[in-house]
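Encoded as structure tokens, here's the structure I'll be asking about.
Note that the chains are named A, B, C, D, E and F in the order they appear, and that numbering of residues resets to 1 at the start of each chain.
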Amino acid sequence: MKYIDEFRNGNVARGLAAAIAAEVQPGRSYRLMEFCGGHTHAISRYGLLDLLPPAVQMIHGPGCPVCVLPIGRIDSAIDLAREQGVILCTYADTLRVPASGGLSLLRAKAQGADVRMVYSCDDALRIAQDNPAREVVFFAIGFETTTPMTAAIIKQAAALDLKNFSVFCNHVLTPAAMVHIMESEGDPAAVALDGFVGPAHVSTVIGSGPYEGFAQHYKKPVVISGFEPLDVLQSVLMLVRQINEGRALVENQFTRAVTREGNRKAQALVAEVFELREMFDWRGLGEVPLSALKIKEAFVAFDAETRYSIAYRQVPDAKACECAAILRGHKHPRDCKVFGTACTPDQPIGACMVSSEGACAAHYTYGRHKEASASEVKA
Amino acid sequence: MSYSRPIDFKNGRVDLSHGSGGRAMAQLIRELFVRHFDNDYLRAQNDGACFPLPAGAGRMVMATDSHVVSPLFFPGGDIGCLSVHGTVNDVAMTGGQPLYLAAGFILEEGFPLADLQRIVISMAAAAKEAGVPIVTGDTKVVEQGKGDGVFITTTGVGVVAPGIELAPQRIRPGDKLLVSGYLGDHGVAIMSLRENLSFETAIESDTAALHGLVAAMLDAVPGIRSLRDPTRGGLAAVLNEFAEAAGCGMLIHEKAIPVRGAVAAACELLGLDPLYVANEGKLVAVCPAEDAERLLAVMRAHPQGRDAAIIGEAIVDANGFVQMETVFGGRRMVDWLSGEQLPRIC
Amino acid sequence: MCLAIPARVIELFGDDRARIELSGVQKEISLSLVEDVAVGDYVIVHVGFAIGKLDPEEAALTLATFAAMYATHGDELPLTPPLA
Amino acid sequence: MSYSRPIDFKNGRVDLSHGSGGRAMAQLIRELFVRHFDNDYLRAQNDGACFPLPAGAGRMVMATDSHVVSPLFFPGGDIGCLSVHGTVNDVAMTGGQPLYLAAGFILEEGFPLADLQRIVISMAAAAKEAGVPIVTGDTKVVEQGKGDGVFITTTGVGVVAPGIELAPQRIRPGDKLLVSGYLGDHGVAIMSLRENLSFETAIESDTAALHGLVAAMLDAVPGIRSLRDPTRGGLAAVLNEFAEAAGCGMLIHEKAIPVRGAVAAACELLGLDPLYVANEGKLVAVCPAEDAERLLAVMRAHPQGRDAAIIGEAIVDANGFVQMETVFGGRRMVDWLSGEQLPRIC
Amino acid sequence: MKYIDEFRNGNVARGLAAAIAAEVQPGRSYRLMEFCGGHTHAISRYGLLDLLPPAVQMIHGPGCPVCVLPIGRIDSAIDLAREQGVILCTYADTLRVPASGGLSLLRAKAQGADVRMVYSCDDALRIAQDNPAREVVFFAIGFETTTPMTAAIIKQAAALDLKNFSVFCNHVLTPAAMVHIMESEGDPAAVALDGFVGPAHVSTVIGSGPYEGFAQHYKKPVVISGFEPLDVLQSVLMLVRQINEGRALVENQFTRAVTREGNRKAQALVAEVFELREMFDWRGLGEVPLSALKIKEAFVAFDAETRYSIAYRQVPDAKACECAAILRGHKHPRDCKVFGTACTPDQPIGACMVSSEGACAAHYTYGRHKEASASEVKA
Amino acid sequence: MCLAIPARVIELFGDDRARIELSGVQKEISLSLVEDVAVGDYVIVHVGFAIGKLDPEEAALTLATFAAMYATHGDELPLTPPLA
């Protein structure tokens, strides 16, 4: 696979790892948050932690739109399918996210709700056209990467004058979440993070520009990084260098797919259809101002929140869950009392266990063997 | 049973009378199943099939699989041949030589008889090629909306030669893990046809009967510890089953695992991992380290094992974890599949 | 998150649609979010839409950096035993 | 497999992950099937079960039945015990002693785990009572609307003692026809629960394993020609199968056929004929005329044959027609069921 | 079963048979039409023909509302379910009746039409109440016995003001069909029938009175007869006696359930809801004037024919079919070339093979062995 | 046609409903088409409705006629050989 395989070369990885090890300064620690689940995934899947020197610590951030979707929003989606009887179209990622009362969209489906998995939001539109007698709602989730296509189908639905289609919008914004993490301790100086591995495909859409104010204000270096393992390693190296040199800039490792401006056409489409929400509740983070989008008045006919008078009901995260601390880099999944017992990927309790890219799920699925004290003997 | 019009296999559909125990059912059995499966056991029209066993057989083996694949027809096969291979392979994985098959059909009212006939002919051909006749069966019809075209449950019996004793509990640290060829072909071929995923690829299902390969393998290395076909849950499921049963760990090497480029590409597109994708004509074998190269050679000499590879080894690990050395030299776990294999966007 | 991969455009249809190819897998996608895509271009595909083009020159530069890094440090630190 | 919460059998439901080959499926198999079916073959966790055969067995027999009954729970039983009896009986009807069962489950997404557990426990109890362990199995989950709660396909293997050779082709004119008890109980018990027919009756399904009765019968009269359990299509189907296979006619005597009053009454209400109604714990036997009284006595001495009766005889008839001498002394045909057994208003 | 078993006593049957044999006059033949399928069924199921002397011949009449339902009406019912997408509720009897294009309601159902079997028309009403978003049509068939309950549910639907329920009315009338048989040859004298076994439960509803004009006009004796085998035998005896004595009266054998007036309450209900149709097409008989009912204007809201603008399209009976001659007593099923080959109960071609109570189906199912020349040897 | 059978009314509900019994089988039916039905009466049941009452005296009379017939002719004509 061109432009993929080259970025997964194990030999080159060892070269990068050696460079990182060579540049790490003795006695110094590098606490780096990879904001995105995509990075978390690469780190786990390729075992990158084994390649990094102990001084470099990777903190998994909240960059998984599935993980951060609050219970109340899933509850509303389930209500739409169960009580309103709509065909609820959703990306498969949301199907197993736990909601109230032990439910999830998958379980609601098992109980008879008409929940349909789509690969593309296009398909939701097609389902609406194929079922004129039914109401169809697309359960839109995602960061900036996934927002433009939702905008596109809303405009298309308007052009087609579709009467039975609407969108339950849950699109959220990356920079706002990064700001929130820095502000969450009251004092940004108390946040024990030295740098950020910045989003890949989000940045393809919004460009690297939007992170500049963040880097400058909080004096934290940000390196926009591709999701391939060599990208991540190189970004770590770039962060180590910035930290060593006391710089705090936005650098772009993912130059092959990210520019400073991003995708103007997609941005224009989003601006036409969506506007900022004052406040949005994130699972694990709580209320974050100006961190999400809603559908503009001009397209209100396609806004499921209005059409079905969806009132958001906040459901507190589980008490035992340490997600909030984990997402800020204060704790590790292993520090949570219910990790791997009551909370597993099959029956997740908290945000970090929900998607395979959450910090706890990644540790459970890929890294749990490190906790085991078993001595290994290779034959 | 004179006085009846032949079944219209061109335009007809399954209706409830085909499962009612009346004339229509008897006719369907006669004109479709008995005709194509074509053996004396079925023609004897008993409630079950009676057969002798070859002399000198050690133990017997029985295995069963219900087949519910969708779509029913896919590149490289259909539910018919799949239902033969799926069970023949389960018999083979115990080290058994499959001898006879039973087939239970659950048909949905409205299912086109032409499709049913096509499936039965495919089953008959697969059974013939495998040398394992379908000697008894059952047909039920469920109302529309209470089935999905056709489900086929096949059960196989076979004999295990004296001395052959395959069991994952016999796996010891140091044993080598082998696979018989490229992984993930079947699952990707199926997914390429799912309405909402549709992508095009030349990948075909690998559905095939493996008892010939197994016989050759056991002939060369009777000390094989265990065999398993990595169907649902893929290689990951088999390795976790092995680890759990054996009470040791498994370590595989990413770069040694045969995965076709198109399978890897489809998995990238859909956010899936080839280690979890289903196969229908592949096996995983465990053998003592000293036999591994010989076993590999025997496998590669067989058409079903042409692309076989040694992919790892059993290791000491009281937790029974499966780990993979990545192409980077790092290690990660290969856990059981959580939930379902669903295409992801993130 | 935001699973997206680079794939080559092999055919353009009207209506902002295109066929892409990735190691023997082909799929129809939408080009409605991008501009000026030609056959042979690589685009970044997410949920059936191209969200941007891949810049081959920048990719080559990145790979060159990697190569340099490997040349410098490649032999220093074999972190794991050689593979079987 | 540590680190997992126990399954919620009280409120949980089947979802697609239970059939995905991942952790949820492994857990369901372990906590439900292996636990209740409880035998070493299943615990061995192989793809199939290996077992030795008793010394001196003549031939083997294999039989399969898919069970799709609705409702799943009915007076006198449920799909669980039915799926054991149905296949044990098919093995028994060949004269075989059933030894082992395989079970394939097709579960519908959303099916309550409590119901599944109840069914599995019932199966386990039926298997235990019959002395026939369920040694291997398979579980699939289909999407909601593509199944009907649960379908169970069971397959049985058994051994046939040397010299026992049951086949309808061996029936000769003059042979006597016997039934082991009252007809139609199962079908009427099921129909009494159908939503749109609902009537109340104390009739319970007769579902039962008959291999004990068969063993006693073969012991007394090894020359029995053929045995069959009159399930779907009822007595009429079995007699027509016999006639067709044997190439002779059958004559039965209405007044000799055991039918309970409530079964007859339900049939009157619904416009059905008890000769076509299904049974699950009855058999039809054919034996030489000179053995008939002795066979009857043996059957009546067995709990499953308490109400046995000689109901007629095979006759010369090149057409293979089944006829019945009515209570009036007139004769009519008893044909195959046409279409389905549906309640009639006229 | 009280009032049933006593009427099925084989010994008594032999007594009755002996009486008939004793009263039959030498050289005379008694061609008796049993109008109803219920009688046909009793004759077949109990083998009554074996008990009757050869001089007595039973001709199976058209008295099965399923058999006589013309193809065009089934086609319309299928259209309702397939094209209009209604829930079509029907008695199971109609499910297998062949329609055009090789279809039947059962096959339409197998192809996805929402056809539901009901035991009572009550259930159709309940289904309409349970599915307010769907249109529900009850496919009403039957003679006078089955008509009053259809009237009852139409009134009930009116009382409930149900908007999604209607009835596709195909109720037909017995006396009109009997008249038609006598008139079908042009000259009633050409009709080779000596007497009629008259309807049982139809008469419970309409009484024996309505046949009096018929008997008088055509000089044919009619004996209203129960459906139990002894009832039929006694009725045959009563007809033999009338014929011997040259009488042509309506006599009532079924006195335990039939009076001269019938069920006045049921009749009033029918009169309130239904009125006579000018003409109705019968399968096997063709167009018969004043032989069926339609829904009155006052209940037109519940008339599916009006609501869905059902236009009856006559579909000719199959050419090879001899039903018309069989129903008039001119031919026997065995005389039809396709009997038992192309035409069987599993794949019926003509009216008489459709329901198990049709003349051809009864002969196929119960009497075919008589055609076989096989010599039987009883062991 | 017009399958209908006599069954005994064993319980009256309001709303013209009743429970009938026939040899151990019970069913709820409608009495809306008939009048003056009491528990113990036999009614003729068709598609879940009573279409009329059964007159026990008339039934007895019919049976008496049969008996007379049997007494007169019962032994004359055994049409089939005696049963097994």
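Things worth noting here:
By our rule, contacts are C-beta pairs under 8 Å (C-beta built on N, C-alpha and C of every residue); 3 or more make two chains touch, one makes a residue touch a chain.
Keep in mind that this is a model prediction, so the values were computed, not measured.
Least step count on the touch graph, chain A to chain C: 1.
Common neighbours of chain B and chain E under the contact rule above are D. Counting only chains that touch, the fewest steps needed to get from chain D to chain E is 1.
Each chain gets a centre from the mean of its Cα atoms; the one farthest from the centre of chain B is F.
Counted by C-beta pairs in contact, the busier of A-D and A-B is A-B. Homomeric contact chain B/chain D is classed as same-residue, with over half of its interface positions used by both copies.
Ranked by how far their CA centres sit from the centre of chain C, the chains are topped by F. We define each chain's centre as the mean of its Cα atoms; on that basis chain D and chain F are separated by 35 Å. Chain geometry summary: the mean Cα position of chain B and that of chain F are 60 Å apart. As a whole-number value, the distance joining the C-alpha centres of chain C and chain F reads 83 Å. Listed for chain A are residues 1, 4, 9, 14, 37-38, 50-51, 64-66, 91, 96, 106, 119-120, 142, 146, 344, 346, 355, 357, 364, 378, each touching two or more other chains. Among the residues of chain F, those in touch with two or more other chains are 1-3, 5, 22-23, 46-47, 78-80. Contact of a single residue of chain D with at least two other chains is seen at positions 16-17, 23-24, 255, 261, 264-265, 268, 313, 319, 325, 329-331, 335, 338-339, 344-346. Pairwise, the chains that touch each other are A-B, A-C, A-D, B-C, B-D, B-E, D-E, D-F, E-F. By the touch rule above, chain A contacts chain C in their complex via residues 1-4, 6-7, 9, 11-12, 14-19, 21-22, 36-38, 50-51, 63-66, 91, 119-122, 142-143, 145-146, 148-149, 152, 199-202, 204-205, 230-231, 234, 237, 253, 255-258, 262-263, 265-266, 269, 355, 357, 378.
Interface residues of chain D, counted against chain E in their complex, comprise 173-175, 196-197, 249, 251, 255, 261, 264-265, 268, 270, 289, 313-319, 321, 323-333, 335, 338-339, 342-346.
Across the interface of their complex, chain F is touched by residues 198-203, 253, 255-256, 260-262, 264-266, 268-269, 271, 310, 312-313, 325, 329-331, 344-346 of chain D.
Those residues of chain B whose C-beta lies close enough to touch chain D in the complex are 1-2, 16-17, 19-26, 44-53, 58-68, 70, 89-91, 93-94, 96, 100, 102-106, 135-140, 142-143, 145-148, 151, 153, 155-158, 160, 166-169, 228-229, 231-234, 237, 240-241, 244-245, 276, 278, 319-320, 335-341.
Those residues of chain F that touch chain D in the shared complex are 1-3, 5, 7, 22-28, 45-47, 78-80, 83-84.
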